[in-house]
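In the part that follows, the structures are each spelled out as C-alpha cells.
Two complexes come next, and they have one chain in common, subunit A, joined by subunit B in the first and subunit C in the second.
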Partner chain A sequence: MIELHGVTKIFNKGNTNEFLAVDDVSLTIDPLRITVLKGPSGSGKTTVLSIIGAMTKPTEGRVYIHGREITSLPERFLTEIRRKTFGFIFQQFNLIKGITALENVMIPSYPAGEKHSSLKDRAMRLLEVLNLSGKATSKIEWLSGGEAQRVAIARALINNPEVIIADEPTAHLDTRLSQEFIEAMAALKEKGKTVLIASHDPLIYSSPVVERVVELRDGRVVLEGSHQ
Partner chain B sequence: MVWIEKQRNILDFALSSLLRRWGKNLALVIVYTLIVFILASIFFLSHSIKKEASIVLQGSPEVVVQRVIAGRHELILERYMDDIRKIPGVLAVKGRLWGYYFEPATGANYTVVVTDASREKAGSITIGAGVARVAGVQKEDTMPFKSSDGTYTTLEVADIFSHESELISSDLVEISEEDFRKLFSIPEGSFTDMTLRVRNKNELNVVADKIRRYLPDTRPILRDEILRTYEAIFDWRGGLLVVIFTGAILAFAIFAWDKASSLSFEEKREIGILKAVGWETSEVITMKSCEGIIISLSAFLLGVILAYIHVFFGSFFFFTFVLKGWSVLYPRFTLIPYVDPYQICALFFLTVAPYTAATIIPSWRAATIDPDSVMRL
Partner chain C sequence: MIMHPAVLALCTGSILVSCMVLYSVWYGISIQRHWNLWSGSERQLDLEKKTYLISTVMSYALAFQLFSLFLFIFTADKLNTLFTGAMCAAGTLNVNCYGYPTLVLKIINFVLGGTWLVMNYADNKAFDYPLIRRKYLLLTAIAPFVIAEAIMQGAYFLNLRPHVITSCCGSLFSTEGSGIQGGLAGLPNVPMMIAFYLAMGMTMISGFYFLMRGGRGGYFFALISIFTFVVSVASLISFISLYFYELPTHRCPFCILQKEYHYVGYALYITLLVGVVGGTGVGILMPYHKFESLQTIVPSIKKRLTVMSMASYLLFTLIVTSVMVFTDFKLQGY
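So, the complex of A and B:
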C-alpha cells in the first residue's frame, strides 16, 4: 500500500520562477489494482508519480510504502527503492538509442551485479512473453511505436517490481496500440502487480480494467472514483 | 562476486556507449593521441639528446687552457706547457690543434681537428658523415682544401665516421698535424689550446687558480663547465621546443575544458534514464569514468608508442627543422632510446588525470539532478 499525506511540491522555491506543482495531496494507492491519475496538462500528475516513485522528494508532506516512511531517506536508499519496488514506463518510453532492445531491457539490472548470462536469459524471456524475441537484437530506433512500447514494458519488469508506474504511456500511440497497452497492464495486474498510470487519454481512464480514477487539477485532488 | 559482476556490467555498458558514439569518440582519440604524441616526442627527444651529449662529453679533458688576448681566443705557445707542467698536481699537458674550415662551394663549415689517431697520418683525413654527404665523397676519394696562403692541398678520405656518432661528428674532419699547420699557416710551437690531466680531481679548482695567477693571459676551462655549457645548449634547443610544448598543453587545456563544460543533450538524457531506472549517482559516475579512462588510456598509450617510433626510429621527422638549426651540415642520426620513467609518469598525470577528471565533472553534475527531470524530457 502506498500512502501520501499532505504532499506538496514546489519547484524553484524562493526564486522568481517558483511553481506550485502539487498542493497538499493526500492519497492512498491500494495494492494489486490499476489506478489512473487523470487530469489536464499541468495538473500535477507526473509530479505525483515522481514523488511516489522516489524520483523526487516532496517539499512538504510524507510518503509511506507498506507503512515505511520514505521521504526522509537519503538518496542511496531511494535509489534502492526505485530499483526494487518500481518499474517505470515513461511518456516517450525513454529508451536508449543506438543499443539493442535486449540491452535496453537489461539496463536497470546492471548495477545489481547479476551474472550477465542469467540477466540476458531473463531479459530474453520477458521479450518472448511480449512477442518481441525476434526484435531482441534490433536497435531501438529501428522499432515501431508498438514494439518500442513493449520494450519499455519489458524494461519496467526486469527487476520484478511490485508497482508499475506509467506516465502518459499512450500519448504517442494509436487506438489499437493504446488498447494493447491497457490489456498488457491488466495482464500484469493479474500476475500480482500494482499498476499506477497517469493519463488524460479517455481510452485509458475509461477502460473497464481500470479500478480507480483519481482526478487532479491545479495540483490538487478534485475527484476520486471507482469503476466498480 | 556480485561486486565483480556489477563492475563488469557497468564496464560493458561503458564500452557499448563508446561504440554508440564512435564518430565523436574516434575524433576525441585522434586529437588526444596527437597531443600526447607531441608532448611525448618533446620529452623523449630532449631527454635523449642531453643523455647522449653527457655520455659523449664524459671522455673530454678535465681542464682546457686557452690563451686570450683582448678577450679573444688566441694561439697558445709551447712554452706555456712547460710553465703549467711545473704546477704541483698536474700529470700531463698536451697541445691541441683544431679550427673551422669554410667550404665556399657547399657553404658548409667543417670542424677540423688533429687527434692522436690522425696526428702522424699526413695526406689523409677521416670525415664525418655530414661532410661526406655535402662534399659528395666516399672512402678513398680525395678532397681539395684551400690553404690560408691561397694554394690547394688535396687529402685522401681514409675513413668516414659511423652514423652512431653523427650528432657530434657530422661536420668533423680529422687531419694530421703537418697538414693542419700547412692548411691554416700555424707555426710550429703554437697550438689552438691545451689540455691537462690532474692527479687529484678535488684540486681542479686550485690548479685552475694557479694557472690564472702564473699565466694571466690564459683562461682555464673545467670539464664540468663545458658540460654545463652543453647542457645549456641542449636545454636551449629544448627551449625552442618549449614553444611547441606550450602550444600542445594549451590545446589540451582547451580540449579538456570543452569536454568539462559540455555534455550533449543525448548524454544528459541517458544519465537521467539510468538514474530513473535505478542507477545510483556513483554507478553513473563509475560508468562515465570508465568511458574517460578507456579513451584517455588508449590515446596515451598510442601517443607514447607513436612518439617513441617517431623519435627513436623516425629521426623525429616532424621536428627536424626546429632542431637542426641553421647548419648546412644537417646531421642524420638515430638517437639511442633513453626513456625516463619519471617523464612517462609526468606525462601520464599531465594528460590522463585532467582528462578523466574533465569527463567526470559534467557527468557528476548531470547525475546529481533529480531523476524526475527525465520524466519531463
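So, the complex of A and C:
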C-alpha cells in the first residue's frame, strides 16, 4: 500500500519563478490494482508520480510504502527502493539509442551485480513474453513505436518490481497501441503488480481494466472514483 | 608572516574549516531544537535535506583537518632553514610561543575530528538518523578547539620572523631541558620501556577480549588505547628515538620525519593516531548498538575499528622493536 500524507511540492521556492506543483495531497493507493491519475497538463500528475517513485522529495508531507516512511530516507537508501519497488515507464520511453533492445532491458539490473548470463536470460524471457524476442538484437532506433513501448515495459519489469509507474505512456501512441498498452498493464496486474498511471488519455482512464481514477487539478485532488 | 605555499594552504584551510564548523554548529542548533522525524513539516524536510549536505561537507572538512596535522609538521620542518639554531620542526615550533600549543591543538583535533567522522559514518549507515542530535552536539564540543587551533596557528604564522634565533631540538628535548619537552625527554628509560610494552600488551589483550566476547569491554579498550597513545608518544621521546638516531642523548620527535631517517616518523605517527582514533571510535559507539536501526551496523563498525586500532598499534610496535633489535646501538649503561 502506498500512502501520501499532506504532500506539497513547490519548485524554486523563494524565487520569482516559484511554482506550486502539488498542494496538500493525501492519497492511498491500494496494492494489486490499476490506479490512474488523470488531469490536464500542469495538474501535478507527473510530480505526484515522481514523489511516489522516490525520484523527487516533497517540500512538505510524507510518503509511506507498506508503512515504511520513505521521504526522510537519504539518497543511498532511495536507490535501493527505486530499484526493487518501482518499475518506471516514461512518456518518451527514454530508451538509449545506439544499443540493442536487449541491452536496454538489462541496464536497470547492472548495478545489482547479477551474473551477466542469468540477467540476459531473464531479459530474453521478458522480451519473449512481450513478443519481442525477434527484435532483441535490434538497435532502439530501428524499432517501431509499439515495439519501443514494449521494450520500455520489459525494462520496467526487469527488476521484478511490485509497482509499475507509467507517466503518460500513450501520449505518442495511436489507438491500437494505446489499447495494447492498457491490456499489457491489465496482464501485469493479474500477475500481482500494482499499476499506477498518469494520463489524460480517455482511452486509458475510461478503460474498464482501470479500477480507480484520481483526478488532479492545480496540484490538488478534486475527484476520486472507481470504475467497478 | 612567511609566504610559503604550505603556510598559505594551512591558513586558508583552517579558515575554511572553521567557517564550515561554525555554520554546522549554527545548523546543529536548529537540529537540536526542531528535529522531529515523525513530522512531515516543511522545516523538518528542509533539515533532512541540509543535514545530508552538511555531513558530507563536514566529512571532507574534518578529513582535511586530519591531514593538516601532518602538513603543519612538514611545513615546520621545511621552514627550519630560515631560523638560526633550528635543525628541524622542533626549533621552528619554538620560534614563538604559539608553535607548540598549535601542535597540541592539532593532535587533539585529529582525535576529536576522527571520532566525529566515526560517529557520522555510523549515523549515515542507518536510515533514520539515530545519532543526528548527538553528532551535532559533538561537533559543537569540537568547534571551540577547531577555532582555537585556527587562531593559534594564525598567530604562529603571523609571528614568524625570519632569522630569529631559536633553540635546536638537541637542547629542547634533552634531559636538562625545561618544560614539557624536557620533562618527556627526562623520563627514565627502563620504566618507560616496561610501561610501553605493558600498554601495548594490554591494548592487544583488551582488543582480543572485545572481539571474542561479542562487544564486551569496549569502554576499557577505548580507555586503554588512549593511555597507550600517551605512553607511546612519551616513549618515543624518552627512549625509542635514541635507537633511531643511534645517539644516547638525541631525543627529538621531529628529526625522524626527515629524509635521513627515511621519513619513518610519518609511519610512526600515522599508526599511533589511527590506533587512538580507532579506540576512541569504539568507545564513542558503545552506547548505540541498542538503537534498533544500528543493531547490526554498530557491532560491525566497532569490530572493524578494533581491528584497525590493534593493527596500527601492532605495526608501530613492530617498527620500533625491529629498530631496537637490529640496530647496533644499545641502551645499557645510559
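Methods note: the second predicted complex is superposed on the first by the 228 of 228 C-alpha atoms of A that agree within 3 Å, B and C clash if a C-alpha of one lies under 4 Å from a C-alpha of the other, contacts with A are read in each partner's own complex, and residues count from 1 in each chain.
We take it that a contact is a pair of C-beta atoms (placed from the backbone, for glycine too) under 8 Å apart; a residue touches a chain by one contact, two chains touch by 3 or more.
Just so it is clear, the model here is predicted, and its values are computed rather than measured.
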{"item": "Clash or fit (per the criteria above) of subunit B with subunit C on subunit A", "value": "fit"}
{"item": "Once both complexes are placed on the shared chain, angle at subunit A toward subunit B and subunit C, C-alpha, multiple of 10 degrees", "value": "50"}
{"item": "Which superposed partner A:I99 touches (first subunit B, second subunit C, both, neither)", "value": "first"}
{"item": "Touched partner set for A:G6, first subunit B, second subunit C, both or neither", "value": "second"}
{"item": "Touched partner set for A:T59, first subunit B, second subunit C, both or neither", "value": "second"}
{"item": "Touched partner set for A:K45, first subunit B, second subunit C, both or neither", "value": "neither"}
{"item": "Chain touching more of subunit A, residue-wise (subunit B, subunit C)", "value": "B"}
{"item": "First, second, both or neither for A:E75, with subunit B first and subunit C second", "value": "both"}
{"item": "Nearest-approach distance, in Å, of subunit C Cα atoms to those of subunit B in the combined model", "value": "12"}
{"item": "Common interface positions of subunit A, toward subunit B and toward subunit C", "value": "75"}
{"item": "Contact set on subunit A toward subunit C in their complex", "value": "5-8, 57-62, 71-75, 77"}
{"item": "Subunit A-facing residues of subunit C, complex", "value": "37, 40-42, 44-45, 48-49, 52, 124, 127-129"}
{"item": "Residue ranges of subunit A touching subunit B (in the complex, touch as defined)", "value": "46-47, 49-50, 55-56, 75-76, 79-80, 82-84, 88, 90-92, 94-99, 103, 107-116, 119, 155, 159, 167"}
{"item": "Touch list for subunit B against partner subunit A, complex", "value": "1-6, 8-10, 12-13, 16, 20-21, 266, 269-270, 272-281, 283, 370-372, 374-377"}
